[in-house]
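Shared between the two complexes below is chain A, which has chain B as its partner in the first and chain C in the second.
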Partner chain A sequence: MEYTVTLLILMGISIILALSLNLITGYCGQISLGHAAFYGAGAYCAAMMTKAGIPFGVALLAGTALAGALGVIVGLASLRVRHDFLAITTMGVGFLFLGVVRKQDWLGGEMGIFAIPDPGLSKTAYMVLVLVLAALVAAFSLYLKRTWMGFAFDAIADDEDTARMVGIDVPRYKLTAFAMGTALAGLAGGLYAHDIKYIGPDSFSFIESITILSMVVIGGIGSVPGVIFAAAALSVLPQWLQFIAEYKLLLYGGLLFAVMRFSPGGLAGMARGMAARARAGGAP
Partner chain B sequence: MLAFELTVQGLVQGSIYALIAVGLTLVYGLLRILHVAHAGLFTLGGYFGVLITNATGSLPLAILVAMVVVGVLGILVYRLCYQPILDQPPYVALIASIGLFIAMEEIYRLVFGPFGISYTDAPLTDTVTLATLNLKQGEILTMVGTVVLIGGLAVFAGRTRMGAAWRATVTDPAMAESFGIDVIKVRYLNFFIGSALAAAAGVLVALLNNLVEPTMGSVPSYKALAIIVLGGLGDVRGTLIAALALGVIESFGTIYLGTILDRDAIAFAFLIIVLMIRPQGLFGRA
Partner chain C sequence: MTAVLEVRGVSVAFGGVQALEDVSFELREGELLGLMGPNGAGKTTAMRAITGVVTPQEGEVRLRGRRLNGLAVERRVRLGLGMSQQIVKPFRSMTVVQNVALAAGAARTANPLGALFQTGRGAETARARELLELVGIGEAADASPSELPLGFLKRLEVARALALDPQLLLLDEPLAGLNQAEAATFADVITGLNRGGLSIILIEHNLGEVLRICSRLVVLDNGRNLKSGAPLEVMADPAVRAAYLGEGGDDAEAG
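Here is the complex of A and B:
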């Protein structure tokens, strides 16, 4: 039971994290290879605050706000550079975050932060909190898709220049996407820090950014159910099956490659394709 | 005198960056793909270098074999991984490439072991003193080797018919094709040369550190991406300048910025500052 609870917490955090990147990369079409930096910023901020005696709820919100503020700054970069340049810039942000944190003694340096205070909830209550937040983020994502803002995101992802031409305020929506996505990553970070009770620079490395990206990509860029499914499966499978844990990175890397090579729409794309074929009455 | 030593050390490191980054920028120039898995081939070059040197005792042979075998593997990576997805949006190839790179590192870990391998009898470790400067023979070989390889590439691209076909294809693929150039063959050539240079860099790094490990490609890989962006994506001359400049900046930065930033973040701090001022890179044209 205890073990199931631990797994469900991990799964909930992964779902929040993957959906947060999905807002930026899936909805708004802005590729980010440095999402772990915001996850980390939220985690460090919340952990430092609860260690200083500030209540868990306040710390969690502060981590969310800090990550979102940093996200706006990086979002400003997305107004300057696009596509491949943006991918490399966001990757750079990830490395810069790590490079700075590693050298800050007050953030624990290479060693990280130990003994993060308990949020004062039982393990099961914490699980409920994480899962409720994950459900809220999912509901928010689905709601967003149906609003004018969701439409604007879609237009920008599709073709930025055309979106500009029809009068969509592209910079504003891009910044909004970055702010929302990175703030939610910060929320996930605060939840993670108070679950594991230890964080260090290695928890938020480039590989972590790629892990988050692989959940979005394998699930199907932009698809909420696909991303949730992939985040749940990819976070829990390596824990469940020990022999997978050994080859976790090989699995992530291999899947990432295979999905892009054979079905760039991800699992959601595959499901849509199958549904379309079924509707066509089994005709090839 | 410290400044001079730091500059030379920076140039040694910059030479390695240059050998790796040239292949990346060639691929980008021709196909608009950010070929992250390039660094996986670099690591493999290092493994071949150590294994063949240990087996035969000949470093030149090891460099040659590593370059040829990895060059051919580079062609295979293009043929099997990139060619089928060329008509997809650019992020598809980028993410596929990252996945491939991570998988490659894991395969090296499983095949060659997690702790890395070394030369049993490391060649070229003697120190040479030039005026006040102490340099290992391996470091001299790195710089000389880079000049020879890049110089050879420049002669090949500038003076031969095949080189002319190559440059024509980079400038305008459709036009080149209508003049009877086999564009596919040019792509193979491009991947062969880029990967062979990366393999040479791998052997040289193995020599400098006397160690090859599965993850030795990670940091150069991401840094090389920063370098080609600084160099203006696809611009070989800009890439070379950016690589050498970054090597030197890093060696000074480690001394003067070491307390606030670690070495690997310096490259990206520099990159972000440059991109915010000049979104097309240091040497790119708008």
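Here is the complex of A and C:
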């Protein structure tokens, strides 16, 4: 039971994290290879605050706000770059975060932060909190898709220049996507720090950024159910099966490659394809 | 008579190529103005200087007296420039009607935070269907742009521009890709929009339709003003005829 609760917490945090990147990459079409930096910023901020005696709820919100604020700064700097240049820029942001954190003694340097205070909830209550937050983020994502903001994001993801031709202020919308996505990554970070009770630079490395991106791509870029499924599966599989944990990078890398090559719509795209074929009466 | 749009002394150079040199013209209220010239004359560059895609080195563009220089494309669109481009760029991930509905909802997308609290696309979708009927592609409303021929996409561009309720319409070769009958019908649609009070600048190679529907012509050649006036008077000018027959000028395409 205890083990199931641990897995469900991990799953919920991964779902929040993957959905947060889905807002930026899936909805607004802006690739990010440095999402772990914002996850880490939220984690460090919340952990430092509870260690200083500030209540868990306040610390969690502060981590969310700080990550969102950093996201806006990075967004402002990235407004002019597109596609592969944006990928490189965000990758740089990820390394910059690690470089800074490793050298700061007050952030624990290479050793990280130990003995992060308990949020004062039972393990089960913490699980409920995480899962409720994950459900809220999923509900927000689904709502957002139906709004005019979601409609404008669709246009920007499709073709920025044409979006301008219909009067959409592309830079402001991109900035909004960055702010929302990075803030939610910060929320996931605060939850992670108070679940594991230890964080270090290695928890938020480039590999973590790629792991988050694989969840989004494998689930299906932009698809809320697809991303939830992929985040749940990919976070829990390495815990269940030891050999998957050992070959995690190989597995994620292979899946990423296979999806991009054979089903760019991810699992969600595959499911839609199968449903369409079923409706067509099994015709090939 | 008030000018809807004024282009004053605009010069544009791409590297060493002078695409426009001191070009001036104006669009008066209610006019259907044909902007003409042989290939490489600078028509599309002039249009891009108006929309803000290229930045002129000199000169200015004014919309109802308001200077547009330095404003981003989306700001100019919100001030009332509607445009359909020579190279069609539909949103391919959306259906045809969604392409137009997004433009019809420009008031809802003006501000990202405002857009976050607005759902429901019924009114905009209904308006989009009307406009698609108007330009003659109502039957393709629910198709994907990728399934449609060029002539449909040209008209989709025009419907999308109209959905913005513009002060003026810039049309860059809207008749390309249409057969003779479709072109004539669509030229009549353009005339109808103009009669309804919309001021229009038309760039078009279909000379027959231009002469039939435009009330005034501005002819560019080699990036400079060549002639302007009533269609028949302009076409009677020997210099215009020479430019169209390609005498004494190389027609390097300048974007």
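Keep this in mind: the second predicted complex is superposed on the first by the 284 of 284 C-alpha atoms of A that agree within 3 Å, B and C clash if a C-alpha of one lies under 4 Å from a C-alpha of the other, contacts with A are read in each partner's own complex, and residues count from 1 in each chain.
FYI, a residue touches a chain if its C-beta (ideal position, glycine included) is under 8 Å from a C-beta of that chain, and two chains touch if they have at least 3 such contacts.
Because the structure is predicted, anything quoted here is derived from the model rather than measured.
Peer 1: Quick one: chain B and chain C on chain A, clash or fit?
Peer 2: fit
Peer 1: By the touch definition at the top of the document, which applies to A:Val166: first (chain B), second (chain C), both, or neither?
Peer 2: Touch status of A:Val166: second partner only.
Peer 1: According to the stated criteria, A:Thr64 is in contact with first (chain B), second (chain C), both, or neither; which is it?
Peer 2: A:Thr64 contacts neither chain B nor chain C.
Peer 1: For A:Ala157, using the defined touch cut-off, is the partner it touches chain B, chain C, both, or neither? Pick first, second, both or neither.
Peer 2: second
Peer 1: Please work out whether A:Thr176 is in contact with chain B alone, chain C alone, both, or neither, and reply first, second, both or neither.
Peer 2: After superposing on A, A:Thr176 lies in contact with chain C but is clear of chain B.
Peer 1: Determine, under the contact definition given at the top, whether A:Gln30 touches first (chain B), second (chain C), both, or neither.
Peer 2: In the superposition, A:Gln30 touches no partner, neither chain B nor chain C.
Peer 1: Between chain C and chain B, which one touches more residues of chain A when both complexes sit on the common chain A?
Peer 2: Partner touching more chain A residues in the overlay: B.
Peer 1: After the superposition, just quote the angle formed at chain A by chain B and chain C, using C-alpha centres and rounding to the nearest 10°.
Peer 2: 80
Peer 1: Tell me which partner A:Ser14 touches in the superposition: chain B (first), chain C (second), both or neither.
Peer 2: neither
Peer 1: Tell me the contact category for A:Leu144 with respect to chain B and chain C: first, second, both or neither.
Peer 2: The second partner, chain C, only.
Peer 1: Output check: A:Phe95 vs chain B and chain C. Expected answer is one of first, second, both, neither. What do you get?
Peer 2: So A:Phe95 only meets chain B here.
Peer 1: Once you lay one complex on the other using chain A, what is the shortest C-alpha distance from chain B to chain C, in Å?
Peer 2: Minimum C-alpha separation, chain B to chain C, in the superposed model is 11 Å.
Peer 1: Which residues would you name on chain A as touching chain B in one complex and chain C in the other?
Peer 2: In chain A, no position sits in both the chain B and chain C interfaces.
Peer 1: In their complex, what parts of chain B are in touch with chain A?
Peer 2: Touching chain A: residues 28, 32, 34, 81, 84-85, 88-96, 98-107, 110, 218, 222, 225-226, 229, 233, 258-262, 264-269, 271-272, 275-276, 279 of chain B.
Peer 1: Can you tell me which positions in chain A touch chain B when the two form their complex?
Peer 2: Against chain B, chain A makes touches at 31, 33, 77, 80-81, 83-85, 87-89, 91-93, 95-96, 98-100, 102-103, 206-207, 210, 213-214, 217, 247, 249-250, 252-261, 264.
Peer 1: Considering only the defined contacts, which chain C positions touch chain A in the complex?
Peer 2: Against chain A, chain C makes touches at 51, 72-74, 77-78, 83, 85, 89-94, 102-103, 105-106, 108-113, 115-119, 121, 160, 163-164.
Peer 1: Note which residues of chain A are touching chain C in the complex, please.
Peer 2: These residues of chain A touch chain C: 143-144, 146-149, 151-152, 154-155, 157-159, 161-170, 172-173, 176.
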